[in-house]
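In the two assemblies presented below, subunit A is common to both, partnered first by subunit B and then by subunit C.
So, the complex of A and B:
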């Protein structure tokens, strides 16, 4: 018999040590998130999974579930805040969905749809971020980086290669490649690396594969991201 | 043909008339007429003052993104850019022949587009002028007016377009801006359900397309005095032609004829397009002026599109459309027809051909196949040419060893017709502008002349009769002699700033 907490009025069971997000996902309840991945230690940076626990904002990916907690997630107020966060991510980079090969498979795009984002709202930064096409089989399009650090964590913790890192601070934070030249071609990254598989947006791409999956058969053509939460989580977990 | 559009010996003696349609979607076009002291039209300039920059910002992008990105050039016939780019990048991948399934899927997509784009232009944009008259009540001169007076015609026009859009959806995944073609092939074939759904309608579509040809022919032949002479000018004609000189919208070699129908060049591999075509830049327009190199700037310009294609080919390889082509050629009397309004008739012959080709492709089991991609030896450069609804479309790319695009050159259909449209407007203006007064009739007639070419700005200049249009007549010092504006409600006012 496990303990439970209350999420949006529903009783959610949890195992000792589980976070609110993990328990919610196991119960098939979708909480928006971009920097969380079940195989890696939570990062708590994207803040999309922010919920209210007993009235206070907190990241559900890092907050441990406890008996009797009152958690709000799917509320107008929290979803409006999440929508604003996503809008800021869109204007900070160069996210041109119409010509992006990740369209239909992109978690940022799918989350924006989920949250009902109708426009970027804020002025675009239009940063100048050249692509790194030096690697024969991989393309890095920094224009779409949302600093989730999943590739950093995967390369460090799983691949043991430390190919990627986040450099700079605050608004100057950016993804870099750990090579003297700064070029991906000069690292030991490999196609089968976990770091190559985890990008939730369109930064780390297999070359010459774009648009091979027809419209209608892409991940989020079949069901919105909230409708995939349970199965994706259970498969991954 | 030898008239020099650009030079005015004594420009200080000329007056300037500017016709300034405000665009919504396809950019902004504007016409200026320069009048001499006798108030006769001395020069005409159709300015395309939009600037898109696609050729620049595609540089530095990975090549496989290009067919999807460049189709955003247009919302009416994006499939043309999608396929021309894919064809060019096939060559970059060293692929000269696609699998049968891939080629037929691309053809199906393209002919579906030809059907929908031509139907849109004829029924939605041009039929109001042709059915009601150029000077008829502007409140009725739109597709809604057509639907009231000719409900069957309007309905068939709308459904023809819808069918074409559905063909595109089944081949590209979306009606507008899909992803079907990828360098080296396609990403899907038809399912049996998709094929059967399209087959259920195609015979009706062929029949309606035939009726559309007859409607366009009837309009033309019942008023030869107007249709054979309105805006007429003689010019060379350019298009690709397929195997054995067949009409082919998807693939072929370049052929050009002179104004008498004589061959200028034929069988030219379009990979070398830049050895036979040159583009001239003029300071008053962002749209370049292409010409046939060997003939020079003055004599080398040409027209493209349905009127050029139907007369450039030796035959149409589908029986119903070929019968209509023969009738058109017979009507023209054995010499090339140059009248701009004949574009409409030939455009409908192409609609019929597209419908027949779609019918044949739907009966070909290759479109259900699974062999979608081809590989070859990687090259640094490729050219793709296709016959878009509005005419020959050229895409040229260079790609570096890292798979990034380093050069992009696009010559789009409307650009080929640049000088031709200027000529047509000049002829119309000379005939219908009298004195210093700008009349509503003049505006209407100039619009009809431009629209016959179906330039990409036609949707902007004919948005259900709601196009704001301003004409100014200025002297050389900039003094306004006359001004007339048409508002979105179709009423006329002395200037856009008043009466709005």
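So, the complex of A and C:
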């Protein structure tokens, strides 16, 4: 017998230690998220998974489920707030979907569609973020980085390599690689690394794979992100 | 830097990666910056990947991964420094030295830039030269300072009067007026335990996490609870509850309980901790020792903000004397098992580290990112050990409570705010400085005491606090009404409250840690909006945008920095709307993009400034 909480009027069972997001995912309920990945410790930074627990905003990826909680998630209010967060992510970096290899497989793009984002709304920051094409098999396009730190966590916790790290502060926060030269080619990254496979957007890309799957036949072309039976991007790579 | 000096620094910090930030600080104090060679050496010695070293170092404003000049001059840029003319002095200095702000001179001699409030608001304009605080700058001093730089005189040989930091205590009450005898509070508590015998039979020992020697640790806790002491960092959490939670938290084998004093006094306009640590350090350290006694801790940290680096030698001296006098270390006061000692961690320019979990991350040698909570520090703090983090003033008050008892303390102040509060008064008044009042004092009484005239507004508790307008001057400083960490910035009728808010918004954007989306991007969007208004492109539409950002920041941000970043804007819009309306030259919507401004670089490059090189205002309007 397991305990339950209420999510948008629906009873959701949970196992001890599960967070609201984990329990919702297990029950097949979609809560928008970008920095959460089931294989890693919740990070709680993108804030897209914010829900209202007993009337209070909180990130559902880090909030432990408890019996009898009243949780709101799929409401007009919360989705509007999430839409604003996605808009913030779009204007903070340089996201040009039509020319991006990740288009159709990109969680940021798919989440924006899911939330009905029709424009970036805010003025673009147009930051200067040079790409790193030094590695023979991998391209790093920092323009699309949303600072979810999944590659950082994967490299540290799974690959035991620390190839990636976050540097800087505030709006100047950025991803760096573990090499004195600052170039990916001078790290010990390998194609089979977990870190290379977890990017939810189009920062870490394999070279010579461009458009191997045509636009129109990609993950989120087939079904919206909320309707994915499993979060297929996690199985990719 | 030589390998011998690196060895010495590493030895001093046990070669521990947890001390990374202190190691980096000392490396930089010796070498001027943190060079790739130093990073490589540390990577090797500490076994920490360089990406982590760079990731941590680049978080802190006072650690430099690029050369910044042998003289690194930083002007404090709080609104109070601005009101005292710091911008003109900065321009003057840059002119004298032939440099641009923010860029190092080509010969690598000097760089001039701004920094967040350095805590010298009562004696500004202030600046930092190679980390040393200078006060009361004026045009003559700037001229002389430029001369010293040009002649390459070592900072240690500069005129001593430039470095004088006055306490400026203007009103003393129970805390500042007490002639505190080091050790007296510990002895008073010990005597109280013996005479009252409250829970004197507590069998748990300090070694198990609770003090064995000072029998009856519950006494201190009881007194603090009875005193109704609340945290002095504005949140006002009940100190006794925090301590009790820490004391009751289970300890894993090999763990200790930790007492941390938060002296990362970064809220612009606040400088009371500077004075407490300068002239009442014994009270603060004794308060920490009493807290250690109450919760059963054997290790303590003082997290000293980088701007107060100049106090480090003095504070180390006080700690050394207390060890000699048996007030710290093993068997304190000769009581077997009463062990406690304090280390000082110097901060490196990050306001967010005033948040307790970010402070703990920083203590551990990491980026100062606030943690996900729960778990809270009282159960899982420094290196996952039960930890209490309290304000400098809270610890000083603890010493008073041990001396005079909780009953005495609770009868001072108001019903829900016992005791006194140190206010850091600055801005437009005759006598800026420290004012200690019992809780419940009105804003008007403080204004009267400091000689403020024609006051338009007071910013209580800094940018994240409250903008109080004239009709509210009858309100009280206390947790029931206006809670405060101590800042009290006065603005008279000459001041433009929009510019005050804009200064604060720039501060938040600069200090956002960047961890969560709403604060990282939202504070920058807010800054851009305020700059848009400042540049004469505001429209009523922008008010809606500010409301929208405020909502997102309050609802979705990870910590208090984001939650409060809009406060000064919302308060000033509500109370000083004309200051904003004066800037709304357009009726409905105007884009932030300004074609004429965008052409300024082209004009600079072509050397043109004639009418045809500009887009006329009329032209812009019809766009």
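The definition used in the following text is that the second predicted complex is superposed on the first by the 228 of 237 C-alpha atoms of A that agree within 3 Å, B and C clash if a C-alpha of one lies under 4 Å from a C-alpha of the other, contacts with A are read in each partner's own complex, and residues count from 1 in each chain.
Please note the rule applied: contacts are C-beta pairs under 8 Å (C-beta built on N, C-alpha and C of every residue); 3 or more make two chains touch, one makes a residue touch a chain.
All values derive from a computational prediction rather than experimental measurement.
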Identify the partner contact of A:169: answer first if only subunit B is touched, second if only subunit C is, both if each is, neither if none is. second
Counting touched residues of subunit A, say whether subunit B or subunit C comes out ahead. C
Which of subunit B and subunit C A:180 touches, first, second, both or neither: second
What is the contact status of A:68 with respect to subunit B (first) and subunit C (second): first, second, both, or neither? neither
With the two structures laid over each other on chain A, which partner does A:98 touch: subunit B (first), subunit C (second), both, or neither? first
Would you check which partner chain A:89 touches, where first means subunit B only, second means subunit C only, and both and neither mean what they say? second
Touching partner for A:207 - first (subunit B), second (subunit C), both, neither: first
Across the complex, what residues on subunit A touch subunit B? 98-101, 130-131, 133-134, 139, 207-216
Using the touch definition up top, name the residues of subunit A that touch subunit C in the complex. 42, 44-48, 50, 57, 59, 62, 64, 81, 84-85, 88-89, 91-92, 122-123, 125, 146-147, 162-173, 176-180
Spell out the part of subunit B that touches subunit A in their complex, as residue ranges. 60-62, 64-65, 67-69, 72, 172-174, 177-180, 182, 187-188, 402-404
Sort out for me which residues of subunit C touch subunit A in the complex. 36, 39-40, 49-52, 54-55, 58-61, 350, 367, 372, 374, 509-518, 520-525, 528, 548, 551-552, 555-558, 591-593
